[in-house]
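There are structures below to look over.
First chain A sits with chain B, and in the next complex the same chain sits with chain C.
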Partner chain A sequence: MIPIEEMMIPIFIGILIALAIAINLTNNHLTDVFLLSGFSLLAAFCYVLYQAPDVSLAEVAVGSAILPLIVIISISKHRSFVVLNLLPQNCTMELEALTLLQEFCDRYRLQLVLVSDLALDDVEFKVFRKRNIDLIIESHEYDICTFTGVTTSLMMNRLESRIQSYDHFEMKEIKEGEFIV
Partner chain B sequence: MKLSLLLIFLLFCIGFYGLCVGKTVIKSVFNLIIAQTALLLLFFQLAYTPNASPPILDHGTTGLWVDPYPQALMITTIVIGASITSLALMFSIKIYHHYGTLTWKKFMHKD
Partner chain C sequence: MKQSILVITISRIMLPFVFLYGFYIILHGDLSPGGGFQGGAILATGFLLTYFIDDERRVDLNRLMRREKLLFLAILLTGSLSLITRGEPFTNFLSPDFPVEIRRIFFLLLNVLLSLKVALGLTAIVETFLEEGQG
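Now for the complex of A and B:
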């Protein structure tokens, strides 16, 4: 007779395969970290079924506690926050949006770098011509200011939860690799 | 037995494929962890004997134990895998500060 552990092993490896496919299909790094933590926990259960409890203990400690911590710390280490400012000058909305962004950057210890449209001829901008831009603020309609950012960034989730309390700001998300202009 | 081996091979293939075609550096690092887990499972599958107890003294009365040697090797693999992952993530921070992006396609085309 086949023991029940041997029957359960292929089922759990099947769940591991499903989680691995899910890690490859998501677009958000934060979701990836949680899925990876669950992946390690299920793998540790598989090791118990393979009669290796000591390896399972090591995997629980390292794989589902320490590694997600390291990954989250390293994702949040990406510090500078480049904002392309396309708002019309000297409007009241610009001041409000910039104050919000400055507060946001101070809270998460980011370095706010503002790039405006006029600075395209600037000397500094010619040196760093291919600058990667994290966020674009612009206004297509009267009284509504649009924040455009990439979905894979952790900062966008935080900024989105911050923006929701304002009614004339709105958040627009694009995927990594898409182009706006 | 053979089904488990096949599924482990499939898991390794998913990890290797994601390592090659992953969009960002961090996603490639995650797929490296997946491939490593598949390797561990392969070693355990090869050392597995049915109706055996864990390799702890005076645990079972059958006297049939799983081979403890691959398990000792695999603990080493887990620790080394964790250090490799943290090293790769440190390189990803360096890449981000140098190129300003973590997407493979973007910084492969820059100088």
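Now for the complex of A and C:
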């Protein structure tokens, strides 16, 4: 007669493999964090079944508490929102879009950084590091302003729900690492 | 970014229990599963929760690193104490004639020092991430 603990191990390992595949397939950062901490919790349970409670405690503390906290704190301490402004200068649409963005940033206590041209950027940003753009506003057609952002960013979902009430603003999402300029 | 009031309140309620559990694991480390590293990681979790509670909280990274190095020296000194009392390094500084309850002091001391070092180290990692992100 096999003890019930040993019968449970293959089931848990199957769930672990499924979780690991799911972590690789998701695009959303928040879902990734939740899946990762769930993976660690299940792995810790497997360690207990293999009679290693010491390792299991370390796995719980590091894998499912510290790691998600690091990611969530880093996201929540995000301070600046960099917008690349490609709209024609001084038109009413630009004014309206900038008012909307300023209001959005004030609500989430972010600092709005406007960049009009990447070529005119500071020497520090050109030489030493790449400017990380959160959002691009541009207008290809008359009267329609396009907001382009990365799908994985948490800010984009919030901004999208704000934009939906305006008819002449539209949201476009791109994948991370994709270039459009 | 503004924190949700739910996150702040839950963090405030959880904080003392997280610290209590961390100290429990450290102080029972030589008898039951757990010990310095695990307890230190739990203490660091509790310490990181204060970042949720206070939005503007910052810790001086240099001070953290200096304390961590001092704790490392303290661990080495505790290990070498046995050179004075018993004549050989890196063993228990109390002789085997004492009962187990008294010889346990050595392990308790080592576990507490180790856990503080681990907690400071993990906090320093997070602080480094934050400093990089804000530059």
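Here is the rule we go by: the second predicted complex is superposed on the first by the 135 of 181 C-alpha atoms of A that agree within 3 Å, B and C clash if a C-alpha of one lies under 4 Å from a C-alpha of the other, contacts with A are read in each partner's own complex, and residues count from 1 in each chain.
Everything that follows uses one rule, which is that a contact is a pair of C-beta atoms (placed from the backbone, for glycine too) under 8 Å apart; a residue touches a chain by one contact, two chains touch by 3 or more.
What you see is a predicted model, and the numbers here were worked out from it, not measured in a lab.
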item: Contact breadth on chain A, by residue count: chain C or chain B; value: B
item: Chain B versus chain C as contact partner of A:R107, first or second or both or neither; value: second
item: Chain B versus chain C as contact partner of A:I9, first or second or both or neither; value: first
item: Partner chain(s) touched by A:S76 [first = chain B, second = chain C, both, neither]; value: second
item: Which superposed partner A:V62 touches (first chain B, second chain C, both, neither); value: both
item: Contacts of A:D167 with chain B and chain C, given as first, second, both or neither; value: neither
item: Which of chain B and chain C A:D32 touches, first, second, both or neither; value: first
item: Partner chain in contact with A:D143 - chain B first, chain C second, else both or neither; value: neither
item: Touched partner set for A:C46, first chain B, second chain C, both or neither; value: first
item: Shared chain A contacts, counted only where both chain B and chain C touch the same residue; value: 53-54, 58, 62, 66, 70, 74-75, 77-79
item: Chain A to chain B touching residues, read off their complex; value: 2-3, 6, 9-10, 13-14, 16-17, 20-21, 23-24, 29, 32, 36, 39-40, 43, 46-47, 50-55, 58-59, 62-63, 66-67, 70-71, 74-75, 77-80, 82, 130-132, 152, 176-177
item: Of chain A, residues touching chain C in the complex; value: 53-54, 56-58, 61-62, 65-66, 69-70, 73-79, 107-110
item: Touch list for chain B against partner chain A, complex; value: 1, 3-4, 7-8, 10-11, 14-15, 17-18, 22-24, 26-27, 29-31, 33-34, 37, 40-41, 44-45, 47-48, 50-56, 66, 71, 74-75, 78-79, 82, 85-86, 89-90, 92-93, 96-97, 99-103, 105-106, 110
item: Chain C residues within the chain A interface of the complex; value: 1-3, 25, 33-35, 37-38, 41-42, 44-45, 48-49, 51-52, 55, 122, 125-126, 129-130, 133-134
